[in-house]
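Have a look at the structure below before the remarks.
Per-chain residue numbering starts at 1, and chain names A, B, C and D are given in the order in which the chains are listed.
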Amino acid sequence: MGLQSFIAERKQSKDILVMAHVVCGYPSFEENMQELEIMAEAGVDLVELQFPFSEPSADGPLFVHANEESLKAGTTVDQCFDFMRQVSGRFPFKVLMMGYYNTAFKMGEATFVRRVKEAGGVGYILPDLPIEESANLHRLSAQADIEPIILMTPTSSDKRLAQLGSVSRGMVYVVARKGVTGSKTNMGDDVLALIERCRQHTDVPMGVGFGISSKSDLDFLRGSADIAIVGTAALKTWQQSGASGLRKFFAELMA
Amino acid sequence: MDIFDFSDGREGYYGEYGGVFLPEILHATIEELLVCFRECKADPTFWQDYVTLLQNYSGRPTPVTHLENLSRKLGGAQIYVKRDDLNHTGSHKINNVMGQGLLCQRLGKRKVIAETGAGQHGFATATMAAKFGFECKIYMGAVDVARQRPNVFWMENLGAEVIAVEDGQKTLKDAVNECMRDWVTNMADTHYILGTACGPHPFPEMVSWFQSIIGLEAREQMLKQTGRLPDRVYACVGGGSNAMGIFQGFINDENVELIGSEGGGEGVGSYMHSSRLAYDDATVGVAQGYKTYFLQNEEGNMNETHSVAAGLDYIGVNPIFAHLHDQGKVRFEAATDTEVKEALKLTMRTEGLIPALESTHAFVTAIKEAPTMRKDEIILINQSGRGDKDIFTIADALDDAKWKSFIEGKADQYRREKN
Amino acid sequence: MDIFDFSDGREGYYGEYGGVFLPEILHATIEELLVCFRECKADPTFWQDYVTLLQNYSGRPTPVTHLENLSRKLGGAQIYVKRDDLNHTGSHKINNVMGQGLLCQRLGKRKVIAETGAGQHGFATATMAAKFGFECKIYMGAVDVARQRPNVFWMENLGAEVIAVEDGQKTLKDAVNECMRDWVTNMADTHYILGTACGPHPFPEMVSWFQSIIGLEAREQMLKQTGRLPDRVYACVGGGSNAMGIFQGFINDENVELIGSEGGGEGVGSYMHSSRLAYDDATVGVAQGYKTYFLQNEEGNMNETHSVAAGLDYIGVNPIFAHLHDQGKVRFEAATDTEVKEALKLTMRTEGLIPALESTHAFVTAIKEAPTMRKDEIILINQSGRGDKDIFTIADALDDAKWKSFIEGKADQYRREKN
Amino acid sequence: MGLQSFIAERKQSKDILVMAHVVCGYPSFEENMQELEIMAEAGVDLVELQFPFSEPSADGPLFVHANEESLKAGTTVDQCFDFMRQVSGRFPFKVLMMGYYNTAFKMGEATFVRRVKEAGGVGYILPDLPIEESANLHRLSAQADIEPIILMTPTSSDKRLAQLGSVSRGMVYVVARKGVTGSKTNMGDDVLALIERCRQHTDVPMGVGFGISSKSDLDFLRGSADIAIVGTAALKTWQQSGASGLRKFFAELMA
């Protein structure tokens, strides 16, 4: 089942879905697996598996550190795909590859698409790959039936949103504010206005991310966004209070 | 040939290299920059203002010096040197920075950010910001902050905030990443002053355009001083801005050979170098906003690099050079750390010039080749910077005992004064 | 007025100052020098060669920069700066040195000696010697050798022998004495490259002549850039060479006021300064080969002097200035160490310029006076050198904690490496 | 009795005279006096009393040091003149003031001449005062009947020697070689030739100095020079072996 129909299906029983995030190999693949179990238990709907990269220029400090430590520990692309395969086979949520374009570029776009597909991924998020550079990858993805997730942002003009909307598939990722991952976003009228603007340019489901960390954020988005994307907040919780903390975090978030 | 005459739909591409690989959030910013840059480039008064600013503030045109002693000693080609070391702040970096300062004014932005490795570009940017009245933040790897304190000292005294980047290898490439992170947050009022002809379009073109003043001057000067064009032109290649600068003066001259000299570090096969094109260790990749040859592993993660010259110690190279290399229009060589030290000593003693360690890489290759050339052939070297600001690095490189005991004495003095 | 148009039997005298007070053994040498200098001065091709050499090697003409920010901030006169800091080796000292290099070639001598205090003149001389292929010895007070190690490092690497003088106060004046001692021994093949417009005739005239290139350029540039002459011209005064250099461009212009700024050290009455003309502590005397105002006691022995700027820290002053001071043609002021530090910080932050501590003395006086002048009045400051070579002194003067811990870290590193 | 007639008288009984040198106040005036006693005993004919100066640029290292130490110890011009008066009153040799021109200039040339005269000096040696600058001082000296000692040097042209000779009075000081005081001069044909050249331009007695340190030097000069001038060698001896050493030094020198 493709990403968009999966989301549609899940949305029949929930008014907002949750997408979570782990950095492969940080702190370790074992801990990643424990985090994912907790996410699955809590009913998380989608998960991004970030492939670590040496130049994570769109990430905030916590993820930068995670990328770095994972690489230092020797994490390879092969291991990440292996892990993706295990995860997608084991849990009910759908899995997306997340990472930087060089990872895809170096193995070749066709290989990349094939491997995501083979590992059970339903799509990928490459934040440094603009649509101008995506034609071939999008074509290959369409053939393989996986989705390239497009990002829409507060700085995108209407004209730009229209361009982005016209090639969006599966879902779009609405970046709630300027900046990198990790810091808190003030959920307010601008976020709603942004979602509203984005809606006018695409029909696919809409995930909203960057700085979502609490039930109140979710409540705020309920009714406007389809998916709340939770990244740094979960990792921070795991680092600070381990499995029990993370369980509590998701329980409260999704209550 | 106009390398910036892009074919349809290939704007920002040089062969397969270049492009814009940035987060979507920067799309509008980079568009705005591109539009502004196109306006500037089309407006002859902008270039005139730029030239006047550099004349009055930085001492352009810099001269061309004939190295009679060195030429005689080597017994081959006549060696000439383009003296960008005489610029205000001591290197060619000021050219680009002043140009972007003017452009930033046009953009109506009041804050600038910049990455720096050796500190030369940060120093130049802090200087420009003081002159233009911009707020200024300089990102610099923590390792570089520690070893390049003199430049940090000046940047701070010029009013810039210097931020030590603690991620990754804590050097130049990490400072670039951190700049990007600042930019995706503050692009509304902030211009990113990229320091070399790398990064996303239009930076390679824009930085090359500003630096082309070197080549424009040099071509005219060589014609005036020697009556003809040089046979070969040498420049060191870090990101590639000074080399692009001088090469543009001669790129359409069939009989002028252009030679880029990269950081050979500990030599071929050592994996402790920063030669992307002269050695075979780099492969094509996409990082820091553009596509080019990077020193990276098979999975696309960047390798550690090394050069005695901090300004050459970088993973990627100007995408224009990646293309010109493919086309055979520019030849690339590498100079090892050891060769650089020897060439520096030779140049100081025979000519009274102290090239920056970066620039000395160009001297190494020229010094190797000059003796194989005829006495009526002519060589032009770009001296992109002066070495006296690098005293700590050079004294270390030359292992100067008296310098070391001076520093120990100074440290003792400071410790005493604290008590 | 031509100050060098001596009346009969008064050659080398400016009013009652100047002359030649040398041991008889140097009589022939100084005669030979005088004859050679007269030939050079009378030979227009000599001056042309000199200008060309400085253009191609040192980047002359140096520009004039309008300090818009500082002028606006002070709210008075428009401030312009003559940028001799952009010279090769970083100060105006290179002008004189290159000129004397050409003259030394004409004399057929192959060895040069020079005194140096801050090291700027020694650095320039070592550079010139490398370029001309002369053997070179630099005399430098042992105290200065210890505190000006960076310059010593470069001089040595340029191939000069640096000799630490252990006599007297072990500073500049003692280095001058030691030069004289070398010269009385080796005058046959050695030329003494005196670094400022002091010493026995023809040095004051000769050094002034070479430095007049500053004023010649500046006058023309001011006319071109502002359409008229400046109302006041400021320069720092150590021995007086950079000041003589720029003042000569305007000395016959009735409405241009000339102001020399001396090292005020700890201020008037402190006896820790080097103001010969601005303060009342100096008296006329004869030493180091000439007659002028010296900071000396009643018996004619020299006092200790002090200035934060090593290049101003000297007992005597240019005899021409002693005369122009008597005549009221040049006004003399002093800048204290404290004022200099403040002016340096201000200049760095508002204009991105880092004047040498010496030059900053001229800025102090100009900054004090600019606000009292009308907005349509014009000031010209001579920036005789750049401050980035003075990083140790400036960091100490500004008491920079991060710099100090950097030095301590470096020292620890060197000590570790030894073990 | 003037300097020249004094020399003439002494030369009746000796074929070469000796002029010695002390730096006033170094190591101390007491030791100066002991040195002078030894010199007098040995039969020294003339003595230069050097007034210390802060910029002794024509002196070699030993005298530079002596000048410096003397000033540091507080030696004043008054003390030097006092000392000169004592010395000239007490010993049979004639006393000359030696020093740099600034000492004379600062007190005024007339005062200087008067004070030398009052202190019993018969003349002065100011090595940094060229004849071009000496007219007034020479005039005053002639009036006071003291002698300005002119230096002739190996670099002086015949023309210059003629000029120097024409104003020489009392004696001339022939500088045996280039350089400063203190290092050894090789007594050879050039020295003889120099003396010969100088002779052609003056009739006054001729002292030869710079680097004279032994009886053989004296023997060498005997017959060509009138006076051998001994400076550094004596001071060095005093420093190294005190009174007994100096006594021996002069005994051997003048044997």
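For this structure, a couple of remarks:
The definition used in the following text is that a residue touches a chain if its C-beta (ideal position, glycine included) is under 8 Å from a C-beta of that chain, and two chains touch if they have at least 3 such contacts.
Treat the numbers as computed from the prediction; the structure is a model and nothing was measured.
The centroid of the Cα atoms in chain B and the matching centroid in chain C are 33 Å apart. In this assembly, the C-alpha centroid of chain A lies 66 Å from the C-alpha centroid of chain C. Centre-to-centre separation of chain A and chain B, using mean CA positions: 38 Å.
Residues of chain A found to touch two or more other chains are absent.
Because contacts link the chains only in sequence, without closing, their graph is best described as a line. Contacting chain pairs in the structure are A-B, B-C, C-D. Residues 55-59, 62-66, 69, 83, 86-88, 90, 126-131, 133, 146, 149-150, 152-154, 156-159, 225, 345, 348-352, 354, 388-389, 391-392, 395, 398, 400, 402-404, 406-412, 414-415 of chain B touch chain C in their complex.
Note for the complex: chain D touches chain C at residues 52-61, 64-65, 68, 71, 76-77, 100-103, 105-107, 127-130, 132-133, 150-157, 160, 164, 175, 178-180. Contacts from chain C toward chain D in the complex involve residues 19-29, 167-168, 173, 176-177, 180-181, 184-188, 283, 285-289, 291, 296, 298-302.
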